[in-house]
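These notes open a run of structures that come right after.
The two complexes that follow have chain A in common; it is paired with chain B in the first and with chain C in the second.
Right, the complex of A and B next:
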């Protein structure tokens, strides 16, 4: 039977390409980012140890708080506006007897294939104040002259709208899968018993999709907090009064436009800890619901 | 019946809303700058469907490829996306295979490490990676963009799951008795059994690399090495008023991935069904 034993070296051989690169380009930079966050740098070469000063300065930095606030508002917008839309769309598509489901799913999903940079390019002309599609369409719909300065004053609404277009179908795919877990018998029984649409939704559908639902909320939280390219390209930077400044944009600008890689790493760590906190909250939420 | 009609009309209306930005993009890319401001989609005229077809122009596209280096950027995007997706898939599949199908020292620890690495936000690694690439002399090189991108923890995790459920251990043991080497077991037994995952991961990585902006923006400085995402962002800064040109550039950047996805979607379904028939 000795010839059926697995060779000792084989797993290490198979793991070596991944492991070498992972150690060099993920594990080492991760450790390095800890020491970097305690330094002040001027470009990649000149560094100076400053201890916890970066973090102390960060928590007193109004630009950082502005970035954090903007990012939180955007994320809340995408969770409270986008996810209900996605769920509604999934429920429409999940109605019995709908033909062409795959076709509709493909259309609704297609914007999420377009990169954020290119979405920003498309929406830069859609949000154009006078000639842009959105204001012209609103003008036709309501009759009076509309020139909402989307990219000058309603920056957050513009960002939420653009990301709604991009991700509504992406999240819909998750909800569509989750809706397959909803018991049809239970829904029918409830309907016969006279339960209205709303009470069926609250008592039967929502509990059945909530495991997937909490995962999608986590995805939106994590994705929303890493928003960068969309406002950066759409507004050519942080926009008027830094209305479009986000946490990752601030990291990018301090690290690669100002050249302080240390401060950028400190911002990165605050972001990472926030995201880990979200993940833990989701875990706790799921385990509480299960028990 | 009436209710179903209502559902269909809502679905069609919503699908139209989703498609309108694409239509707006395509029509903006074939208009002259005069027509850009005077017409919303295609300019009105006496042609078929009331559209002035003769006023449409491909000059925006020809300018991209003659006066600018868009052919080069497109090639760069294809090069980076193909190389990174193939190498990342290979390293992930090998790593996932080892974690799923071998008993060895440190297997638990490595699996936990891979899982933990998934939650690291990429932005956190930007500054230290930049500094490291600088010291290695890899800034503004093709390798500086490719090397950090081809060892994705997420990929190893996905392939580990796929190998655990999709590759029977008895099959591997039987192959060993027949005298099959470990490398051949991986390539001719394990890989074919996880084909759907290979296709899916190749496609995800290709798309993510094609659409990636922040890494190439930080690593690359010479315009000849730029992928489309970086090139178009720069172009928006310099040609901010030339909407036709900008939109033509966006079409060139978006169309290949949309077409690729449409083509491979069919391939996916075929792959999945053939696997089901055989299995």
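Right, the complex of A and C next:
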């Protein structure tokens, strides 16, 4: 039986709560931040229109470039170190003969269930000089310098290591799912034809998992560019010589520590445009490859 | 035989039937259930919009210092017995308090009537035009009531902006040097001979002769590292330097600052090294202190209270001495940390002010503050109180209160600039580059490092000045 009383406007009515919330908490703040990026403010009374001054200042600001460089290095580290590790783990755990596969999957995935703040606090203890777990263990094993200054001079390495521990298992799950969909017939046929492991990997596995791979790359890219909590807690700020300063942290410091909301909005918009650009590049790259 | 339709085809056919048979009706033609949902939405929206936000009766006070709560509660209880409106005390974390304060100042969200806030959080309240600072300007009132003379004068400086005072100082926080008396005395070192930092380095260096199995010193005389901006700032202030002048202009590249950072580099690298990294408030740092890996530390009064809680093992093993001076006869103290009581702009100022005065000029609060936290009051008339002179077994029977009070009038003045955090970071960067330079050139003589230190500090100053120049409000105030 059909409902003959359903009015045409009902969908809009039921969509309206979402739309209202979207307008209030997403669209309006977006527009407001756009106008803020053209102003300098100190509360509702002290507001001054400065045009593109915030953007001009931003592009000449060495700290912004430093933050952008740090963020790019971290993101590159995430992509070029973390993702191969994730793929390697996924391939290991995808082998049929391995005992306790489910257990190992859970073990490798479990760090991503821990909160980022908690991870940062754990690693701030692990990376301590002289008493930290890492230095002490390496010292006993290899005579490593127990005073090695991870959080003073090797900040980016420490950040990449911490994020590797946290996310390698998370990305492994994506790759594992993709690997399970690689055609076994093709792999067997290639093996019968005499193709070796690397040949099969390059010519069959990699093309088959590349859609998932590019999705994971995009996720890592976006996640890397939004990095904030990990360095903020691990280093209690941006760290010595601002080695842990990221774009989002600079936005936070500018907006909420110095109180320059206009400049912070400008930073936010540049970051948003960068991420949009990455997403477009990824789409173009994917469609070119598919065609 | 009739061919069976697929599920997709069936759904599609049904959907077309619905579309074909649907009568064209108005938007407002809804089922009873939908009307009930709409009604609930409208009523709840109106209720939320119209319902008045319940205002707690009385005056609200926010503090971020957990230790202050048990001290203030009895005073507030007594106040509430005799006065109206009553005062309600709330404990917020420091960051939350800072954010809610700024939110209240910038967008008029509800604020407490009295706010007790730390120095690290208060600077941004002074970033805008003077008339838009959210706290009541207490300058005239403080002078009229003689409070400026009654309290330790330098302690007003972190709460003053552009010549106006916006808060009552809660503390002085003078700094001394704490040392492991058991180790120093066993080594036969006479600390009374230490007058300057040069004396300190010379007399304490023999402590480093005790080596471990790997040939590294078992002990370092000083707990200090080039990545500790608070301690670096304290030493800079002690030497008579600082990062901003009274008008808020950056003065980072001064000779005094260059000398201090050159000396810190010489203490943390090369053959002249006497310092090691044992960060405060961390388990690892505390472990190193217990082991005696670091022998002396910079200690403002409040840190004594923290150590008593975190390091009870050191009871009876520590002694205090004034900081070594940078020049013979120079200042033997510095300052680190601080809290103020501010009053957000309110029509009820006359109701709030008597309570604020009562709280900060209360002898029982001052006594408890000292007994539980080792913090001395900025109210000079209380400095004669007998409890400050009592021996403290934690510090081997010394009287830290009297010792800190003797140094209190000499604490350096400090800036309240919202850009001070940034300046501290830039000076830290300068220190890092200077240390790299010293290592690369195998140059650890502080006097030889001064030209490079000045160059690095000049870059730090230009970076801060650049950010300052971007603040259109400060720029306008300065230009006229």
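Please note the rule applied: the second predicted complex is superposed on the first by the 273 of 291 C-alpha atoms of A that agree within 3 Å, B and C clash if a C-alpha of one lies under 4 Å from a C-alpha of the other, contacts with A are read in each partner's own complex, and residues count from 1 in each chain.
What we mean here is this: contacts are C-beta pairs under 8 Å (C-beta built on N, C-alpha and C of every residue); 3 or more make two chains touch, one makes a residue touch a chain.
Note that the coordinates shown come from a computational prediction; the quantities given were computed from them, not determined experimentally.
Of the two partner chains placed around the shared chain by superposition, chain B and chain C are both touched by A:131.
Contacts of A:7 after superposition: both chain B and chain C are touched. Within the superposed three-chain model, A:259 lies in touch with chain C and out of touch with chain B [touch as defined at top].
Shared-chain residue A:228: touches chain B; no touch with chain C.
Of the two partners, chain B and chain C, it is B that touches more residues of chain A.
Of the two partner chains, neither chain B nor chain C is touched by A:59. Of the two partner chains, both chain B and chain C are touched by A:17. Of the two partner chains, chain C is the only one that A:240 touches; chain B does not reach it.
Across the two superposed structures, the residue set of chain A contacted by chain B and also by chain C is 3-4, 6-8, 10, 12-13, 17, 41, 44-45, 125, 131, 256, 261. The part of chain C that touches chain A in the complex is made up of residues 14, 17-18, 21-31, 34, 38, 41, 99, 102, 105-108, 124, 127-129, 132, 134, 225-227, 277, 282-284, 287-288, 293, 418-419, 421-422, 425, 428-429, 432-433, 463, 466-467, 470-473. Of all residues in chain B, those touching chain A in their complex are 4, 7-8, 10-11, 14-15, 18-22, 24-25, 28, 36-37, 40, 90-92, 94-95, 97-99, 102-104, 107, 110, 117, 119-132, 134-135, 147-148, 150-151, 153, 156, 173, 176-177, 179, 182, 186, 207, 210-214, 218, 229, 232-233, 236-237, 240, 243, 246-247, 249-250, 253-254, 257-258, 261-262, 265. By the touch criterion stated above, chain A contacts chain B in their complex at residues 3-4, 6-8, 10-15, 17-22, 24-30, 32-33, 36, 41, 44-45, 89, 92-93, 95, 97-98, 104, 106-108, 110-111, 113-118, 121-126, 131, 133, 136, 165, 168-169, 222, 225-226, 228-229, 233, 236, 248, 251-252, 255-256, 261-262, 264-265, 268-269, 271-272, 275-276, 279.
Listed in rising order, the residues of chain A touching chain C in the complex are 2-10, 12-13, 17, 40-46, 48, 50, 57, 61-63, 125, 128-132, 152, 237-238, 240-242, 256-261, 263.
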